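Please go over the structures that come below.
Two complexes follow with chain A in common, the first pairing it with chain B and the second with chain C.
Moving on to the complex of A and B:
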């Protein structure tokens, strides 16, 4: 069956929100079972005492990237209906830097904070409300950076095009780089002083 | 301590499961996973309720308000409701349900809460600027091999490593 199923009307869009909840349940279950409800475990990736985030994140991105490429190759998914994040150079970099600062201060990112909320982490509950405050501040002062927010638009730019590679070659390189990082991470973790949490 | 961490999944197994879920999400909906969009929808809904005239006039909120649809009726809002349920189930199965402030023994609960609030504000702000967070911009964007996904990922983690030095006392 050709996907994506909802955009092609193979599944009635009326099911959209039900599917969102089911996918969310799986998402929350996987994140919590992997330890992402613990801010001290998440922060470990930045101090070298726990590289779970790195391993889960890159394994997931590569698994999905290979799967999507394979589905496309087999004609199981219409790539023109798959959402590609638009590239706005400056906002992506500046927004990313601000998020990195938020990550190291708060110990969570938005998705992981909701898993912390679910199991009773009071710091995650505080973080989840603060997220909304951050959105509120962004919206209130939006005119100040509206021009910047819309700047540097490159359309639906693809990373392999930017590097002059084929998608398959890029995925191969990504796998090799990730494996190298996993080996290095394990070695670093063995040398860094253990942190109990 | 080791008993507790043993209960977590192997990270590569967790990664493959997350990757397969992301693939299934693309196959069904044509889009990936997300999280910060739900915080945005909730914020827009609250402002629209408390100060409707302001919400309609302010450029940023007005983009997400329409007459025929409640601002909370968004795919990501339902997905986050699912995240809460799924994480609760996982936590319950592994006996991890407990109200507590998790923090390094070197800082107080109060300090941890203050840092969580400051971090949440920064992350909420940055996620709007970058059009998505670690889930919607970085992970989902990387799966489709979009340039935005890889740039977002490098900016978030690169910045985290740079700032980690200044905040080390709060963690180690």
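Moving on to the complex of A and C:
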């Protein structure tokens, strides 16, 4: 965790949990202050009356990508050493659908539901219990779908490698796509009937 | 459309375009000449042969000697525990990766100072840490540890102690008989008994 500062001994490993808590609090604070602790915010992306979640997370992704690659080019970080979750194509698609359905039905993601719990939202409390129940069921029945879970392994695949692009070209495309999405989302939002919450 | 959004979108596009500029010029880890000169003038990298001998004798596990002379010289004579890293080939993976070892003090040595210093500069520029140079190299090692010069009697006690240490170190490193001078054996003090001045006279 906290690479590269802790593995390189620039920060003592004892700070691991302290930094994790500080980042966690900051993350929770930003989620809550952006209004993500309301289930209607997340569901709004599906029904088209609020695209804040889409905008926030896409902006975060682009900012992180740009920052990471500037750091890489300055020699402060080696992007090839950054940990990437291994890629399983089929399971990733199925997992995305399951997660997406869960988000729409519950109106929370695992992060925002705890900000909801923190300010005492009853639906968030119910959601967090359901989340744990889901994890439990998933773990208990794991042998049933273990073969599928491990299928389509592609290693630490990167989109720009698969497309044969340089990182900079891919990030540029991502920025343009994101900006287009922001404009389109705003237009949809203006057409859909406003929901007050 | 809101003006702020247009500005922010432009900033994003500009930042993205900046990546194209940078990707063509990979960053090279390199010390600035001024900083390098400062580090070269700094003499803290030198380790004296006495210091080295003491650390080896004490079994200091952090000592890692690196012999930057060519392999023939290395085969001929090397300091104990040294690894060979011939200066012309030091950038080969098999050699330079030695400097990745954790928790070691790497002490470069050659016959004199020059080659060891050159290796030090290269490794230092590559941002390896804990690099040292054996002051005087193998020549100085021979002059001081293997054939130490006896101090003159009028020299201070430290010089005599150092000489004693070097003789001990010589025995440690060569296994040869060290003729450590000990103080001359104390001869029995001659004394003469005083002759009794008068014969014993009869008792009371």
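As a working rule, the second predicted complex is superposed on the first by the 192 of 197 C-alpha atoms of A that agree within 3 Å, B and C clash if a C-alpha of one lies under 4 Å from a C-alpha of the other, contacts with A are read in each partner's own complex, and residues count from 1 in each chain.
Please note the rule applied: contacts are C-beta pairs under 8 Å (C-beta built on N, C-alpha and C of every residue); 3 or more make two chains touch, one makes a residue touch a chain.
Given the structure is predicted, the values throughout are model-derived calculations rather than measurements.
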item	value
First, second, both or neither for A:184, with chain B first and chain C second	neither
Touching partner for A:30 - first (chain B), second (chain C), both, neither	first
First, second, both or neither for A:62, with chain B first and chain C second	both
Touching partner for A:167 - first (chain B), second (chain C), both, neither	both
Touched partner set for A:11, first chain B, second chain C, both or neither	first
More chain A residues in contact - chain B or chain C	B
First, second, both or neither for A:106, with chain B first and chain C second	first
Common ground on chain A, meaning residues reached by chain C in one complex and by chain B in the other	62, 69, 167, 171
Contact footprint of chain C on chain A as seen in their complex	62, 66, 69-70, 73-75, 166-169, 171-172, 175-176, 178-179, 182-183
Residues of chain C defined as touching chain A within the complex	1, 5, 9, 12-13, 15-20, 22-23, 25-29
Complex contacts: residues of chain B adjacent to chain A	1, 5, 8-9, 11-12, 14-36, 38-40, 42-44, 46-47, 58-61, 73, 75-91, 94, 96-104, 109, 112-113, 115-164, 167-168, 170-172
